[in-house]
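Following are the structures in question.
Across the two complexes that follow, chain A remains constant while its partner is chain B and subsequently chain C.
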Partner chain A sequence: MLEGSILSRPVYDVLEIRPGRLHLMVADAEGAEAILDLAASAPSDFFARAHVIYVPKRAGDKFIAKLEQLAPAQLYVGPTYEAALPRLRRVLAGAHMGLQVYLAGTEGLMGQAMFEATEAGIPHSAIQTEHRGSAVRRVQCVHCKGITEDVTHDPFQCAHCGLHLFVRDHYSRRIAAFQGVRVDAEDPGNIPESVERFR
Partner chain B sequence: MTIIFKEETFHDDFTFRNSPEAVKRFPFPFPEDSYMYSVNLEPHKSYRPGSVYERTFDVDEHYVSEMRDRARVLAEDPLRCQSLPHMTLAGWDLLELIMTSKAEEYPELFELHRDGAKWHWINRPLGIEQKFTFLDETTLPYGPMEYITRQTQGDFAVLDQRDDNLWMDAGMVTTQADWSLDFDIGMNFFEWHAPVPKAHEMGIFQRALKFLLNIQQGSPARRLNWTMTVNPLLDTSPENYHKWGVMKKDLTLENMGQMMHLRVELQTFFRLPRSNALVFPIRCYLIKLDELVTVPKWARRFHRVIRDLPTELATYKGFVTNRPKIVEWLSKYDDGALTSPGIWPD
Partner chain C sequence: MSAGAAKIPVRVAEVTPVNELVTRFRFVRRDGGLMPTFSGGAHTVVEMNDKDRVRRNPYSIMSDPADREGYSISIRRDDNGRGGSLFMHRQVRPGMEMVISNPVNLFALDLRARKHLLLAGGIGITPFLAQIKQLSPMNGNFELHYSVRTASLGSYADELVANYRSRVHLYRDDRGEQIDLPALLDGQPLGTHVYVCGPKGMIAWVRKTATALGWPREAVHHEEFLAPASGKPFEVMLARSNKVIKVGEHQSLLEAIEAAGVEAPYLCRGGACGQCETDVIEYEGTFLHKDHWLTPTQCASGAKVMPCVSRFEGKTLVLDR
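Then we have the complex of A and B:
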């Protein structure tokens, strides 16, 4: 579980079966386990109306066979979230009333998919999320606006402008990222030792 | 009343100064000798002629230079002004509110002539004359919110009201106390205030939200907030923190009176008629400590407030490192005498 934090930080729950005409599931890495756990309580015809978009990342092929066994109507396994994005957008664009959205895995994946779903008109409060696996963060540099993925250390160096940033808990749903702020702004060069905070 | 608009800068050579008249009308934010958060909201009614509370949108001697500074900041970073697609109507509401208020309250500076939807706006201090069609975006050089807030002092957060909450869905933010519109846009009231320490636990935001959700058309409200800023920087944005943060190091007992500023925000809240949005202007007033201590009551009180402020607040407001120096400097102006209640000079 992720530690409690300030009020801009999303709160994640546990996925549950909800009635719907189409069940769209987006997951990465260990997020697959949340879908598999959900399957345990699913009615027999549930996955016949499911579209699973899965990005294995560090989990490799560990969960792929098990996801196949669920026999979802559509199962897509993609190399990266970016690669899966056009597909996700297409599914959302064609969605009708009765679509249920389930997001599982890392905060970065859930945050970005959440943004796509809300842009498609689904209120964020109607979207289910479950955090699984890595707690690495997606962080936006407030200075250059570049986003660094999979941040483990605090402070860390911005992948775009090279400034050393500390990681705030302040979170933007639209950017799907935490905020990074120059750590040595008031005393340039005085950079505290970087520690692994997110793994 | 004639305002003489000053030529001054809020960057590089920092030539900003307050005239003695501007010092007298400064909105000193402390009604007593100590400070803690409160929901200090009151009706935004015309009060005390000559004060910043007299007019709906106060125009002062810094107007022209502040608008020039806004244009400079926007040229560097257009993300300081954003409006989500559903907020355009609220932008027109805001334009109407500002134009009608200014034309009525400052007739020698601003004129608005309306013939149905055909409007004619004259802004003398900035040398602007614009004929346009109300509610037709193609007839203005910018969107309505950006157009009018490039001509109005203070930041503007335009808040959509839905689901019993307020959502920061549009804004013009170039004179902010270290928060980012680009990051916070789309957040609700609790989310954009999330980084503020203590106040959530004290129930401040729950009570403030309840009040704000019920603000009615024609009954605006106001409050003061404050922090401190080294150099007269209007733009203390997180985006540029790596440029202005380092200036805090230059503060000494010798340059304190000129470099250190009390920064006061006059925050007002108006219900907008067509969109039912709430507009939240945040007007920044700066005063040098040298200027502030010309009012003996303020000097005494400010010393006591800064000295006794809880560490958490001094940290959040960004001056905890410099506080000992500031208190030492201010202590010379505090003879221990009693101060009168209220914010105004004796």
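Then we have the complex of A and C:
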């Protein structure tokens, strides 16, 4: 489980069944396992009122058959989060109170889906999250505002402006990203060795 | 630091009977100045010098938050209560000088909500009157469901219907009308917040129904001021002040502490805000916890007590006060 550090750094829990009219689940890669674990304690009619949006990424076909076996009312398997986004927005736009949202998988996916859910009016603290799989980070460069996905190293080079960025735990729910700050701002050229911090 | 919120010396500007049980009071500042701003749902604590005792009761401010000339409150007479409402109804006259507290809001609107669903029972309408006046000019999306005993006891029902028409739904007990809560909550748009103010049973019913339908706790707001319950008299040692005080049958522990000249913090005096939380140093006996503040674990620990509403039965009680 990912450790908390400063208040802004999101912490994640373990998904649990909650009463609801519709259960919306968004997961990527190993996040599917969190849904499968949740299913173990679900009442028999639970998935008849569930909509599952899944982006397999590096997990490939590994969990798809098992998700199908849960027989959710709707199961969408898509190539990327961006491809799934119109569907997520459509579900939220038509949803009513009593919608439960379950997010599982990487921080980048959970953060972006949480932003959509809070924009639709759900308090962020009412959205369940469970971190599974990769701990790579989605980072915004505070200088050029460009976002680099799947950051593994710290410091790393911004994919947009090329500055060497120190990855902070400072997190923005609005942009669903951690903050990257130029590491050699005080002493240009003095760039510490890049180490792999996020896998 | 003085106990409670800052105080405002006021003059009673108007006393207006609303119906057979409810009277409205309007306060203006004695120095002619403007009142502090407040937000809908706020209350003020009114100090009443009733013979040899000081009563302090919280009442929701019902007037327009944009109106800083004065505050209005409406009080339902409770003939079997501890006497605060009877004092207001019988003793308070226009022109009288009184002291009220700065407003404190423990029942604010969450302005991130897409829609505000307001559920009132009886005199529980008062915070919503201010909230509706706050929401209305900003085109806020609200819907009021107001349960009254009879038409004549439905305080402000007529003016609400006249001003806001389709947003106001009235239910009369004497006609057997009741809010169809499951149907009302089901199908509300995402981002709706529900607010309830009324009798204890109504609040519990709304919270339970909403939870069962999957409403997040963050979207369910309630306000209930508890009146301190009467009970057996008991003795308390105040360790820091080095005083032994007696809490009378119809007196709250907080009132007894104040009567002994010891300053104790408070805001709501109704078990809701947590301000008066007091550490217990030693006790032998049983706490009668009545507040909404302490968790069941804290109550069981015997380490804390909320003197505004809770009592004690037993041999010794020593408080860090």
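In this text, the second predicted complex is superposed on the first by the 199 of 199 C-alpha atoms of A that agree within 3 Å, B and C clash if a C-alpha of one lies under 4 Å from a C-alpha of the other, contacts with A are read in each partner's own complex, and residues count from 1 in each chain.
FYI, a contact is a pair of C-beta atoms (placed from the backbone, for glycine too) under 8 Å apart; a residue touches a chain by one contact, two chains touch by 3 or more.
Predicted, not measured: the structure shown is a model, and the values here were computed from it.
In the superposition on chain A, A:R174 contacts chain B only, with no contact to chain C. By the document's definition of touching, of the two partners only chain C reaches A:L99; chain B does not.
Of the two partner chains placed around the shared chain by superposition, chain B is the only one that A:V142 touches, whereas chain C remains out of contact. Residue contacts after overlaying the shared chain place A:D61 against neither chain B nor chain C.
Chain A is touched at more residues by one of its partners, and among chain B and chain C that partner is B. Shared-chain residue A:D45: touches no atom of chain B or chain C. Applying the stated contact rule after C-alpha superposition, one finds that A:D13 touches neither chain B nor chain C. In the superposed model, A:I122 makes contact with chain C only, not with chain B. Touched by chain B in one complex and by chain C in the other is not one residue of chain A. Those residues of chain A that touch chain C in the complex are listed here as 18-21, 92, 95-100, 120-123, 125-126. Residue ranges of chain A in contact with chain B, taken from their complex: 6-9, 140, 142-143, 145, 163, 168-170, 172-175, 179, 181-182, 185-188. Within the complex formed with chain A, the chain B residues making contact are 79, 180, 182-187, 190-195, 200, 238-242, 245-246, 248-249, 321. Per the touch definition, chain C reaches chain A in the complex via residues 112-114, 185-192, 211-219.
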